[in-house]
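Presented below are the structures under discussion, each in the form of structure tokens.
Each of the next two complexes has chain A plus one other chain: chain B in the first, chain C in the second.
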Partner chain A sequence: MTVLEIIRTFISENLIKDHNLSINENVQLIEDGYLTSLQTIELVMFLEDRFQFEIDPELVNEENFRTLGSIAELVQSRTEVR
Partner chain B sequence: MVLPEFTLNHLLINSVERYPDKAAVVDGSRSLTYVEILTKANSLASTLKACGIKRGDRVGIYLDKIWEAVVAMLGVSQAGAAFVNINSLLKPDQIRHIMADCQINALIANLSSISTESLPQVHTVLLAGSESPDLSWADSTISLADAMEHDSPDTGAFSASGGDLATIIYTSGSTGRPKGIMLTHQNLVAGAQIISTYLHNTCVDRVLCVLPFSFDYGLNQFTTMMRVGGTAVLQHSLLPGEILKNLRQQDITGLAGVPPLWALLIQIRRSLEREPLTSLRYITNSGGMIPKPHLSVLRKLVPLTKIYLMYGLTEAFRSTYLQPEEIERGPACIGKAIPNTDVWIVDDAGQECRPHEVGELIHRGPTVAMGYWGDEEKTKSVYRPNPFAPLEMMGRDQVVYSGDLVRRDEEGFLYFVGRRDEQIKTGGYRVSPQEVEDLLCEVPWIHEAAAFGRKDPLLGHTIVAVVSLKSGPGGSAEDLRKHCRDRAPRYLMPSDIYILNNLPKTSSGKIDRSALKREFAKSKN
Partner chain C sequence: MTNFKIFSSEPAAGVRISFYEPHFFDQVCGLYRIVFGADAAVAFQARWNWAQQDNLCPGETPKWVLLAGERVIGFLATIPLHYRMVGRDVLAHTPCDYMVHPDYRFHGIKLMREFFRTCDNCVACDEIPATIKVTKWLGAKQAGVLQRYAKVLDARALRRGRFRAVPDSLWRVGTLGLRWYDSVRAVTSGSNLPVETVHEFDERSDLFFEQVSRNIPASVMKDCRFLNWRYGLGSPHSNRGIGVITNANGELQGYVIFYSAEHPPQTGYLLDLQVMPGVADSIANSLLNYALECLRRSGAWVVQFHRLSSPHAVPQQILQDNGFVARNTHQFLVKIRDESLREQVLQQENWMYSFGDSESSHAIV
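Take a look at the complex of A and B:
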């Protein structure tokens, strides 16, 4: 699975809990009400655990968590640095 | 010249007089001074009047927490009408209920948020944003930006006096549709005076407005800043990165929240430990009790910040608070009455309770609202004659019956026990949902918990608990039962435990107990 698919699967299975929901990489996750702020924190904890790096709380902002694509980008930028 | 404080607009005008060029509102990169806010509010008022808005009319404000929402509240007041803040999280059905219930005459809204279906009594729509949609059902559709830049600004003559309706705040009660609570200008002014006094607010304060203006304590953030000439910084996103950015870059001195906000700050403690919040002078909690373990973590996270625990109900706007020096008394302590206010605890017979006896809190003071819009029966059941007033006053001295159960210690400190209608009676024991929730929150992997009673033919009630878990290693309902068995008397043990991903929240961010009850408290057949 790609990074994007890992994130998509976690969001649809563990946060939104709707297996039939198709969210493409450009859906506005927060603006359109798919994720609450507390769910976003859950997602951050999952990402930290799954990819073994820390995301500064400062980076959990609207820009980085706008879409599946932007989250995947954040994860990739962090994993490439190492 | 500083004016006496009779209406919301006097608070603004006094700050314009004293601090004309100081930032009143900060919204992202936009900052508006007191003079700018007044000028725009006056222009809006004259536009509203030109559109036929009269003293006593209701104007709906359905905007996100943007600077225009602040101007809208002040402009509507200036025109002598009452503003009705509609939470932007509400769904169309609830919005239509509110608009129809209080017969909104004009609506100030975002294009994306309004329905193209006609709203019969709404004759004027003021639109934020640049698009001009087809709203042929309205007599006039005006751009909000234009309305605030009117050429012939209002003369500033007041169309309202202190006893006029200033706003209607809709709250979702435990049953039925949201109810509108009517607050006068006097109520709003008294709320701002009382709270800014005990929080020692001054013009150097910068408050981060996290709570919505449609919630009484969210509205109070803006009114207190307006009164002292401070700055209200508007917080849109609740993502940690966005909150931290404003807390730090805007040198926030005061932060008001409800329990889930503190849970969020605790989740991001790493950042607060690395870089402490040095300007944050105080935080205030309202809208529910902070779970005990959260409060102790929070105190360590912001050691230089004063923590005020507050209690209030929209029917009386604000009611009691605990001085930060007394915080050791724990999260259930709601302190004593706010200044210029009396609270008593009464038993079912209307007699004042003795120390440690549990009874209903009743409240008397200048923040007591007028009652429920269009619901005389409900108003009479909550707004009742003061039982301690001389008979000769013939019931003219009004108190609010809060529906909240509290007890008082020998020193006069009040402790929250629970909602009167949420109290659980199980096998002869009276249990407060909070006791069960605190017990469950002791478990390190529990994120949030809610408890309530389910009717039971033998025990009266059995206890139902619904919890959500933190990420990472968790546990099962069986583990929770073991914890309860080890730590608490048998009667506190929930008979059913449900684990959810997230607990549902009301539009003001509190745990939505009534939704959970509807879902889980049905009697098992």
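Take a look at the complex of A and C:
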């Protein structure tokens, strides 16, 4: 599974809870109301746990959480830093 | 506290955070109505001056709005309070009236993040999972749990489901039975010590707090000034009742503060009940009985008490003996910048903390 697929699976199974909903890489997660602040925190906690790094609160912003693609980029950039 | 930011923004998003200014007030009230409903918005407006302008540290009361263009789509206020922590005076803030328009819920994080950037120390009591999660993620730790207890005074409070068909006369008998039980218990348990009704706190409560806090590592600075603000004119609970017990020298041995909500269902709240460490259980029992009787007379059907599980709180056994039943909980969250204080203030057995000390109690009307 790629990073993107892992994130997509978590969001559709745990946050949106609609397995039939197809979230592609470019769906606007914030603008279209998929992510509330609570769901974002749940996602952050999942990412930290799954990929073993800490996300600074400053990085939890619209730019990094706009789409599945931008979240995957954030994860990849953080894991590369290590 | 660190310096307040006058303005910070994340322009890429179109939603930005700004320091609150008075001209936002109407929009903030409008948002409160959308998020919490019309009645809650009226209560919010009524307590605004008391909470935000006439509190004990008005110059240390930051608050922020979230703006989408010029439209207010989020708000977070604070309540600053002085705490006595391990013998030191520490100013800590409580985030309160936290709200975000339903269409912008992702952006709620910005408000809480700004709060934690600005305020060095945070003490909060909450039962809303989303708020608890965000607060914890930003660094607050759970220091304890406030267990809510409830006691039925009027049997009609149980009229639901298949009991709806039970005639009024039987409910009256049930209510008389509950009252009779409390009266008998008061006599047999020696819980009928004389309780003095007072209308405001005086220097006796300063002395009481000084003596109590010698044995307690962490507490709100509950002196006369605090108590007269928290339960005084302008407070949402200014029509509370207060009962005190004194010793032969006129020194306070304990006090109880209670409030009967104005809106149905008729619920009474024990906002604070403190006794001097080491005194007999009859002091706490008598204060409890006094408050219950006053609340019963004021028409309360149910009484609620929130207890932080600590040796400095009213013993759980006293509540159980008086017919209180455990319900849900609030989480007690603390974040303290000074590392030398952290270990002690993150243990609930070190706290003396009442529901009336918390921002959660402010919305009760």
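Throughout what follows, the second predicted complex is superposed on the first by the 82 of 82 C-alpha atoms of A that agree within 3 Å, B and C clash if a C-alpha of one lies under 4 Å from a C-alpha of the other, contacts with A are read in each partner's own complex, and residues count from 1 in each chain.
In this section, a residue touches a chain if its C-beta (ideal position, glycine included) is under 8 Å from a C-beta of that chain, and two chains touch if they have at least 3 such contacts.
In this text, all values refer to a predicted model and were calculated from it rather than measured experimentally.
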Original post:
Which partner does A:Met45 reach: the first (chain B), the second (chain C), both, or neither?
Top reply: both
**OP:** Considering only the touch criterion stated at the top, classify A:Leu15 as touching first (chain B), second (chain C), both, or neither.
**Re:** first
Original post:
Given the superposition on chain A, which partner contacts more residues in chain A: chain B or chain C?
Top reply: B
Original post:
Between chain B (first) and chain C (second), which does A:Glu62 come into contact with in this model arrangement: first, second, both, or neither?
Top reply: both
**OP:** Check whether A:Ile30 is in contact with chain B, with chain C, with both or with neither, and answer first, second, both or neither.
**Re:** both
**OP:** Across the two complexes, find the residues of chain A that touch chain B and also touch chain C.
**Re:** 30, 36-38, 40-42, 45, 57-58, 60-62, 65
Subject >> In the complex, chain A residues that touch chain C >> reply: 30, 33, 35-38, 40-42, 44-45, 57-58, 60-63, 65
Original post:
In the complex formed with chain A, which residues of chain B make contact?
Top reply: 237-242, 244-245, 260, 263-264, 267-268, 270-271, 470-472, 501-502, 505
Subject >> Residue ranges of chain C touching chain A (in the complex, touch as defined) >> reply: 10, 12-13, 15, 100, 103, 105-109, 112-113, 116, 129-130, 133-134, 137-138
Original post:
Mind pulling up the chain A residues that touch chain B in the complex?
Top reply: 14-15, 17, 30, 36-42, 45-46, 49, 54, 56-62, 64-65
